[in-house]
């Protein structure tokens, strides 16, 4: 099969690293990390297509990775909200 | 046929690159988040193209649904307005361009190296072990029997994230919407039966086809988030229900750990599930994990500890 | 109509949604672009499912259809709330 | 009967794609968010419905056809209620509808009223 998807994964990973380093706000940094994770998942799944058929182990790893990525995103977002919110503002309507 | 596949791949790749570019560099933070949600949508199409249907289901539920909802909810509390551009002085430009260009080249080179590596794969081994695992779908077998330790630790990581979010303080009360929205409870009522039926269907399918606990839990969690938006789950905020909530949050991890220890007692090996009960045990663990994942996603969505 | 041609036409429709998400001008327009993309993704998945004879693609489409509501409900109740009322952008007040 | 269904299925699919193209044109050219809302919720959902009908005519089993129609029903519910949510929020926030080409007077009153009581 063509090398289009590995190339796409490499470009996405490079783009997200550039975005990660150039980000001005923390929200952008979270977005960049998520895009980076997607690029790596894409690479893993592309590498799972061997001559012997689909390799289920990388698929399972990517499934695990997606759930870990969403929990880290949630934790990081909560940290950002606490960092920007003035204290005691949480009870406001 | 092959021209169609190439055209499809090219359009999909161009769309993904454009969406990632805009998600990273669009001046408005809100536009960046919407671009990222659309990126998740297109990624699901890419998973379908790569014949990874389990991942497509999980990405459709998590990437396009739950992550987008989390980001949008956080955005409503962050200061709005365009991000100021970072201006570089003239002498800074060449080294920065050099560094960023080398980052791009490095990632291209790494992927090329990974592409050239021999890939024997474990497909044959997994197929050989499939009859002893209690399920007929290889990805479910890897997740819940052959490499169950990974899944156990992943659920533990997620519980750790909830722990972190809740230890930051009391739940952040949402701001009121600008106008009364009578459509929202109606939407919740109409969709809620399906938000229960579809996860059940996915769980049932998981033993023999793409599906399983993770997409099911994510869909259930998205339904729960919809309920939270319509103020449909007041029991989560009540202090007297907190022990029950904590028990349900930990149920997946506890049951999974119990299964592992039971295997240790019965056969002497950690996580060795006897074949006779493997199918049933995996189903029970899957139900518990799906419930726990759904509740954990809802718990993260509150951005703080409820009932305090 | 041959199904590959239909899929390609739908993919080219997605370009309009991409442009609308990029252009805005208001938040509602961006969300509409995202909604169009999700409807298109559902249609493409159903067509591909019929073309490749893989009924499992219908499940992915079902998930998209279920989750389209969650994004809009979050947008309306959590993002476009009173907080941002004070700092409305001039372009948004302009309407177009 | 089955031959007849197989005969009209491609026409239904073609009509569905046509409605999608019309919806894309509306999303591109319409002047404000309210009009674009119409382009999406009407043209795109009709297109999806025709497409689902066409595919249901070709479906292998009755359950597969019913699943296609379920997807359509879900999209109808989500997008119709979502459209009212977005439109009422946008109106309450004072996003002005374009009433006539170049004139926004009628709309401005509504917008002012909306922003005052919000």
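Points to keep in mind about this one:
Note that the chains are named A, B, C and D in the order they appear, and that numbering of residues resets to 1 at the start of each chain.
One rule holds for everything that comes next: a residue touches a chain if its C-beta (ideal position, glycine included) is under 8 Å from a C-beta of that chain, and two chains touch if they have at least 3 such contacts.
All values derive from a computational prediction rather than experimental measurement.
Using the mean of the Cα atoms as each chain's centre, the chain most removed from chain B is D. Among all pairs of chains, A-B has the largest number of C-beta pairs in contact. Look at where the CA atoms of chain C average out and do the same for chain D: the two points lie 11 Å apart. A separation of 29 Å divides the Cα centre of chain B from that of chain D.
If you average the CA atoms of chain B and of chain C, the two centres end up 20 Å from each other.
Listed for chain D are residues 74, 77-78, 81-82, 85, 89, 93, 118, each touching two or more other chains. Residues of chain C in contact with at least two other chains: 17, 31, 33, 62, 66, 69, 73, 75-76, 80, 82, 85. Counting partner chains per residue, chain B has residues 66, 75, 77, 79, 175-178, 181, 184, 187, 191, 194 touching two or more of them.
All chain pairs in contact, by the document's touch criterion: A-B, B-C, B-D, C-D.
On the chain D side of its complex with chain B, the touching residues are 74, 77-78, 81-82, 84-85, 88-89, 91-93, 114, 118. On the side of chain B, the complex with chain C involves touching residues 1, 4, 7-8, 11-12, 15, 18-19, 22, 26, 28, 30-31, 34-35, 37-38, 41-42, 44-45, 48, 53, 56-57, 60-61, 64-66, 68-69, 72-73, 75-77, 79-81, 174-178, 181, 184, 187, 191, 194-195, 198, 201-202, 205, 209-211, 215, 219, 222-223, 225-226, 229-230. Of all residues in chain A, only 2-19, 21-25, 27-28, 30-32, 34-35, 38, 41-43, 45-50, 52-57, 59-64, 66-75, 77-82, 84-85, 90-93 touch chain B in the complex they form.
Listed in rising order, the residues of chain C touching chain B in the complex are 4, 7-8, 11-12, 14, 17-18, 21-22, 24, 27, 30-31, 33-34, 37-38, 41, 44-45, 48, 54, 56-57, 59-60, 62-64, 66-67, 69-71, 73-85, 87, 89. Within the complex, the chain C residues that touch chain D are 1, 3, 6, 9-10, 13, 16-17, 19-20, 26, 28-29, 31-33, 35-36, 39-40, 42-43, 46-47, 50, 55, 58, 61-62, 65-66, 68-69, 72-73, 75-76, 80, 82, 85, 88, 92-93, 95-96.
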